[in-house]
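As written, the chains take the letters A, B, C and D, and residue 1 is the first residue of each chain.
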Amino acid sequence: MANLLDRAVESFKRVGEGLKTVFMHSFREPTTQEYPEKIQDLAPHFRGRLALAVNPDTGDHLCISCRQCERVCPDKCIEITAHKSPETNKLELIDFKIDHGLCMFCGLCTEVCPTTCIINTNDFEMADYSRESLIYDIKRLTLTQDESTYYFDKKELPRPKPKAAAKPAAAAGAAGAAAKSAAAGGDAAAKAAAAKAAAAKAAAAKAAAAKAAAAKTDDGETKAEPKAESKSEEKAAEPKADAEAAKKDVVEAKTEDITAEPKADAEAAKKDVVEAKTEDKAAEAPEKDAKKDVKEAKADEKDPE
Amino acid sequence: MSTEIKSTELKTDEMIINMGPQHPATHGVLRMLLTLDGEFVKHAEPVIGHLHRAQEWQGQNRTWFQYQALIDRVDYLSGMFTSWAMARSCEVLDECEVPERAEYLRVMVSEMNRISSHLLWLGTYLIDLGAMFGFPFYPFREREKLLDLFEEIAGQRMMFNYIRIGGVQRAPNDAWLKRLKAFTEEFEDRVDEYEAIVTENPIFLKRTKEIGILPLSLAKQYGVTGPSIRASGTDMDLRKTKPYSVYPKLEFDVHWLDKPEGGDTWDRYILRIREMRESNKIIKQCLDMLPTEGELSGKKQNAGLRVKAGEAFSSVESPRGILGCYVISDGKDKAIRFRWRNPSFCNLSVLSELLVGSPIADIMAIFGSVDVILPDVDR
Amino acid sequence: MAEEKEKSIEKIVEAPPEIGRFGQFLKEHGIASEKLPDAAGGIEVISLDAKNLQSALKILRSSEETKLDLLITVSGVDSRQSGGTFDSVYHLWSYDNLNELVIKVKIKADEVEEDSLPAVPSITNMWPAANWHERETYDLVGIKYLGHPYPRRILNPWDWDGHPLRHDYVQIVDALNDKNPHSFR
Amino acid sequence: MNAAEIYKLSRLAIFWLSVTFGAVWVACWGVGVFIPSLITGKMPFLLQVDNPSTTVVFIADLLRSLTPILSLLVFIPINAMFMVLFERRSLALFTVRMGPNRHGFDGLAQTAADAVKLLFKEDITPRGADAFMFTLAPIIFFAPSIFGALPLLAAVTNNHDLFKVANLPTGIFYILAAASIPVVALVMAGWASNNKYSLVGGLRSAAQAISYEIPLVLSLVTMCLLAGTLDVVEIVEQQKGGILNWNILGGGALSGYDKLAPYWLNLVDTSFDTSAMFGQFYPVPWLSSIMAFVLVICTVLLFGLYLTGACAEINRIPFDLPEAESELVSGYNTEYSGIKFAIFFLAEFTNLFVVSSIATVMFLGGGDNPIPKWILDRLPLEPISNALGSLLSPLIKDLMFIDPATFWAAFWVIVKVYSIVFFAILVRGTLPRFRIDQLMDFGWKRLIPLALILFVVVVFARTWVVCHG
C-alpha cells in the first residue's frame, strides 16, 4: 500500500515536471520564421536553382560549351546545343537547357565547370504549373551582370579573366544581361531575374537557338534570324548527318540518334577544355584506363612494396 | 507490469490486417501483414520494397563521381554515414591517404548527423507513442539548428554530398565553428529537458518497459547492430571495437546495457539519449582538436575520379548500426558492383519475431524503438 | 606505373596465395578451401565449394576460436565478365572478437543451364538474417538459394522480369529518357 | 520572453469571446425578449397593445421557451470554432511555434476557413458501409452535447429567467445520461464504416467509456452528497461567496479560515469572536478542523478523478485510444470526410466544453467570483455599477437582459472553463497515450477503488463539518 502511494506520488511528480517543462516553453521565443515575409539569408554554398553566370566585369557569357556539366550530370538534365563556328573554329553556344524537374541539386555540374559559369543560386522558389515550364532555357538561366557580381562575391569565386575577343557565344548572355535589373542584389536580384525570365519565356523558346547563333551584336539579331533558320533546315534535310558530321559542324538539338552524340561531344569538348586551360582530364581518362587489365590493377594493389 | 493476456479459452477468428504502406506511423512505406488474434499479433510479416530506387544498380551505372552525390539518398537521415562508408571503401581500394583535417571534419559532421538522426527518431518515436503535439517539436528544433549548419557547410540540409572519396568537400569558416560550439554548449541542457518530460514519465514507462524484448541470441542471429543490440548486452560499437578515422584519439564512452536476457524498448530509448550526449562530447573535442590549416582531400575531385581495381568492404557505425559498403572495382569509370549493408534492413527483419504476442498498440512502440528508416531498407 | 603492374603480375604467377588462417582452420576440419587475392584492407577471402558451405559455416560460427557469428551480408556478384562466374559472397564478422572473413561461393556461368539460375545452398537455417539477404540476392542478381523458406522477390514487384544487377540486364522501360513514350515521367 | 505571442493569444481570446457572446446575446435577446415584447405590445417607445390575443401570447411564449436551445445552437458552433483555434494557438505556444496566424486577424478566420473547406469536400461513403448508420452516427454523436448542456444553462447564468428551461431536481444525472449517449454513436460509426481500424476504434471507445464512466459518476455522486442535492442550480447557489466556498475546497469546509487573515492583519476594526465563528462551522473543534482538511484533500482528489474520467470520456490525450492515430490511423472517423467529419470534430470540442462546464459547476463554484465576499464588500464596486446601471437603464428598461449578476456569472464561467480547457491542452501537449489494457487497468484497478475510498471518506468527514453554512 505504501509502495503504491509512493509510486503514485512519484508519478504525479514526474507528470508535473513534464507539464511544467512544457508550460515554461510557452515563454520562449518562437523558433519558427514566418516564411514569405522573412526569407532566411541562405548560406553562400546553398545548392539552389542552377544558373549561368556572366563575367561580372565585362558581361560576357562565361559558357565555353565544353559539355563537362552535361556529361557529369547524374540525372542527364542538362542539354547543351552548340556548334563550331566555321570562321574561328571555336565552339559557339546556341542553347543551354536545364530540366529543373529532373535536377536533384547535387551541384556536380558547378564543381566541374572550368569557367565557373554554371552556379547554384540561392533561389529555391521554383514552383511552377507544368513540367515543361521547369525546363529552363538559356534566357531564363543566364544571370544579369549584377546578379553574377552578387554571386561571385558571395561565393568568393575568383573573377574570370575577360576574353581576348568577344565571342559570339557570349552574345546570348549579353542579350539577357542587357535588360538591366534595378535590383541591387541579394534575393531581390535573384527574384527579379526569375520574374524577368518568365516574361521572356515565350520569346526565348521561339528564337533562342537562332538568336544565339547569329547575333553578334544586339542589332544584328533580326537580320541574322532567317539565316540561322535556313541553316537548321539544311541540317534537318541531311539524314546522314551523324557523329562525323556533327563533330565538324553544328551540333543540333537532335531528336534521334542520341547514342552517337556523346562521343562527338567528348571530342569537341576535349579540344575546348584544353583551350580553356583547365586541369580537368576527365575526357581522356576513360580511353586510357579502359586498356588496363583488371587483373593488372588488382596485382598493383597487392604489391607489398 | 505488462499484462500477458492470452485468450486461450475463447477461440475467435483471426483477423488479417494490413498495417501500411499508407499508415501514419510506419515512417514511410512499410507494409506489415499482421495476423491478429483479438488484439494480439500472431504473425507479422514486414513487406518491403515500396521505396526501392535501385541504388545498387545506379552504382553500377554511374561514374564514381556521380554516385557519390547519389548515396546520401540511401539513408537520408544519416547521409554523412553512407557517404563515409563509400568513401572508406574506395580509399581502402585506392590506398589513398586522408588528411587529418579531413578526418576530424568527417568525425565532426558525422557525429552531428548522428545527433540529428537520433533527434528525429526521438520526436517521431514519441509521436508513435501518442504524444502528438507538444514534445516532438523540441527535438526538431535542435535538429533544425544542425540542419542549418549542414546547409552552410555542405550546401544542403539532407543530401549533403560532403564526404568525398579521399577527404571532404569544403572547410568550415570560423563563424560556422562558433555556431557549432554554441550549439554543443546548449545541447546538454536541451537533452535534460527532453529527459524531464519523457524519461521517467509514468505513461512512457508503462508503454515502453518490458515490451519488445530482444534477447541477445536472437539479435545475433538476425545480425542486429547499433543501439538496438547494445541495449541487449554487447558493447559492439565500431568506433571502439574496430576504430577507424580519428576515433582512437577521442575520448568517449560506448554505452551499453548488460542485459543478455534482452533489452526492452525503453533500454533502446535511453541508449540513444546517452549516445547523443556522447556525440556531443565528441564534437566538442573535435572542435578543439581540428587543425586550422591543411589539405581537405587526398584525391582530386573531378569527373574523372576513379579508384583502383579490387574489392573492399568497409563499414562505419551509423546511428542505426553497422553501415557497410562492399565495392568491386575494375579500375574503370564505373564500379562492377556496389553492395550496401544497411543496418535498417537487418534490424527490420527481426521485427517479425519481436512483434509476435504483443498487442496492436505495442506494434508502433516496438517498431519505432528499432529505429528503421525505410529508404535505408529499400534502397 | 605500368612497370609496377607488370611486376605484380609476375608476383602473382610466382607466388600463389598461401593458405590463410581461416583456410588452415577449415583444412583442419576437413574442408577444402581456396584462398583468393585479398580483399583490400587485408581481410582474408576464401572460396568454397557450394556443397561445403553449410558445414564450413557451421564450424566457423560455433567454434570458440573463430566465432564468426555476425553475418554482415550475403551479396551476389555477377562476375561473368572477369571470371565467368556468379559469386555468392558472405561477409562474416564476430560480435566478440575482431575476426573477419569473406567467403565466396563461385558458380561457373557455363555450368548453369539455359533458363535456369545458378544455385547455392541457403544458410537461412543457420542465420535468420540471411533470409532477406538471400531473397534480395535472388531478386537482384538472380542466384537461387536452395532450401530457402520463402524464395520470392523482395525489393522488386513480384512480376518483375529479369534480375537488374546482372550486367546483361536491359531495362525494358527507360525511365529517365523523356523522349521515350513509355517512360515513367 | 515570448510576450508578443501570449499577447496575441489573449487578444484573440477576448475578441473572439466577445463576438461569441455578442452573437448569443443578440439571438437570445431578439427571440426571447424583443420579438415577444414587440408582438405582445410591451415594447417601450413603440406601439402599445393592451390586450394581445391568445395566439400572439402563445407564439411569444413559444419563442421565449425556444431561447435556451437557440442560444446553444448559436453558441456551440462559434465556440467550438474558437476552441479549435485556441487549442492550436496554445499548442503553438508550448511548442515554440507561432500557430495559425495567416487567416484574418491573427488567424481568427482559420477555423472558419477550415470549416468551409470541410463543408465543400466530397462526402464519401465507403463501399460496403451501412449508409444509414454511417450518416446517423455523427448526428447521434453531436445531439446529446446540445440537449445535455441545457440544464447547465441556468446554472451558469445565475438562474436567469429565460434559461430556466428544465430545472430538473436531478439535473446532474440528466447531464450524465446525455453525456453517455455519444459512445453508441462511436460504436455505430466504427461498425458502419466497413473498416477494420474503425471497428477496433469503435469497440475500444465502448470499453473505455464504460470503464471510465464509473469513476466519473462516482466523483460527481460524492460531490452531490456533499452538496445534498442533485440540482445543478442549487449546487451553484450553495458555492457562492468566494473561493473557499467552492466544492473543490471541501464545499465550504474552510470557510471560517479566510476571516482569520483580516483579523490577524488588523484589517477589521471591530472585535471578532473567533470561537463563535468557528463553532458555527466546526461543532467539534479539533476533530472538525482535521476533518475539514481531510475533506479538502478528498475533494481535490475527486476533482482530479473527475478530470481524468472526463478526459477518457471525451477521448482526449492521454486517453484518445479510439482514434489513436499511430495505431488505428484515425479510429472510428477514419472513413469520414466532409460535413460528417466536421460534425464529429465539432462534437468533440463541444464535449470538451461541456465536461469543463460540468467541472466548473460542480467543483469550481459555477459563476461565482473567486474573491471572497468580505473583500468584495470592502471594494467600492457599488458606485461603479450604479453609475453604469443608470447610464444603461434607459436602453434596457423593461427589456432587462444583461443584469450584472448574469453577466459576471457567465464571465467567470467562461474564465474557469477555458482554464480547464487550457489545462487539457497542456496535458495533450505533454503526455503520450496509454495502451488499451493499461487504460483498463488504470480505470478499474486504480480509479474506481480510489473513487470508492474517497466516497466513504467524504461521507464520514462531512458529518463533522458544517458545509455550505
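Everything below uses one rule, namely that a contact is a pair of C-beta atoms (placed from the backbone, for glycine too) under 8 Å apart; a residue touches a chain by one contact, two chains touch by 3 or more.
Source: prediction; values computed, not measured.
Asker: Report which interface contains more C-beta contacts, comparing A-B against A-D.
Answerer: A-B
Asker: Which chain has its Cα centroid closest to the overall Cα centroid?
Answerer: Minimum centroid-to-centroid distance belongs to B.
Asker: Quick check: how many Å separate the C-alpha centres of chain C and chain D?
Answerer: Here chain C and chain D have centroids separated by 69 Å.
Asker: Taking each chain's centre as the mean of its CA atoms, how far is chain A from chain C in angstrom?
Answerer: Comparing mean C-alpha positions, chain C is 41 Å from chain A.
Asker: Using mean CA coordinates as chain centres, what's the chain A-chain B distance in Å?
Answerer: It comes to 33 Å between the two C-alpha centres.
Asker: Rounded to the nearest whole Å, what is the centre-to-centre distance of chain A and chain D, using the mean of the C-alpha atoms as each centre?
Answerer: Those two chain centres are 62 Å apart.
Asker: Listing for chain A: what residues touch at least two other chains?
Answerer: 15, 18, 21-22, 25, 31, 292, 294-298, 300-301
Asker: What are the residues of chain D that contact at least two other chains?
Answerer: 94-97, 429-431 - these are the residues of chain D that touch more than one other chain.
Asker: Pull out every residue in chain C that's touching 2 or more other chains.
Answerer: In chain C, the residues touching two or more other chains are 40, 82.
Asker: Using the touch definition from the top, list the residues of chain D that touch chain B in their complex.
Answerer: 91, 94-97, 196-197, 200, 317-318, 320-321, 324-329, 428-438, 441
Asker: Could you please specify the touching residues of chain B with respect to chain D in the complex?
Answerer: So the residues of chain B in touch with chain D come to 3, 5, 15, 17, 23-25, 39, 126-135, 137-138, 141, 197, 201, 203-204, 206-207, 359-364.
Asker: Of all residues in chain A, which touch chain B in the complex?
Answerer: Per the stated touch rule, the residues are 10-11, 14-15, 17-18, 21-22, 25, 31, 42-43, 45-47, 68, 71-74, 104-108, 111-112, 120, 279-283, 285-286, 289-290, 292, 294-298, 300-301.
Asker: Using the touch definition up top, name the residues of chain A that touch chain D in the complex.
Answerer: 15, 18-19, 21-23, 25-32, 34
Asker: Give every residue of chain C touching chain B within the complex, in rising order.
Answerer: My answer: residues 39-41, 43, 69-73, 75, 77-79, 81-82, 89, 91, 95-96, 98, 102, 127-129, 131-132, 140, 153-157, 164-165, 167.
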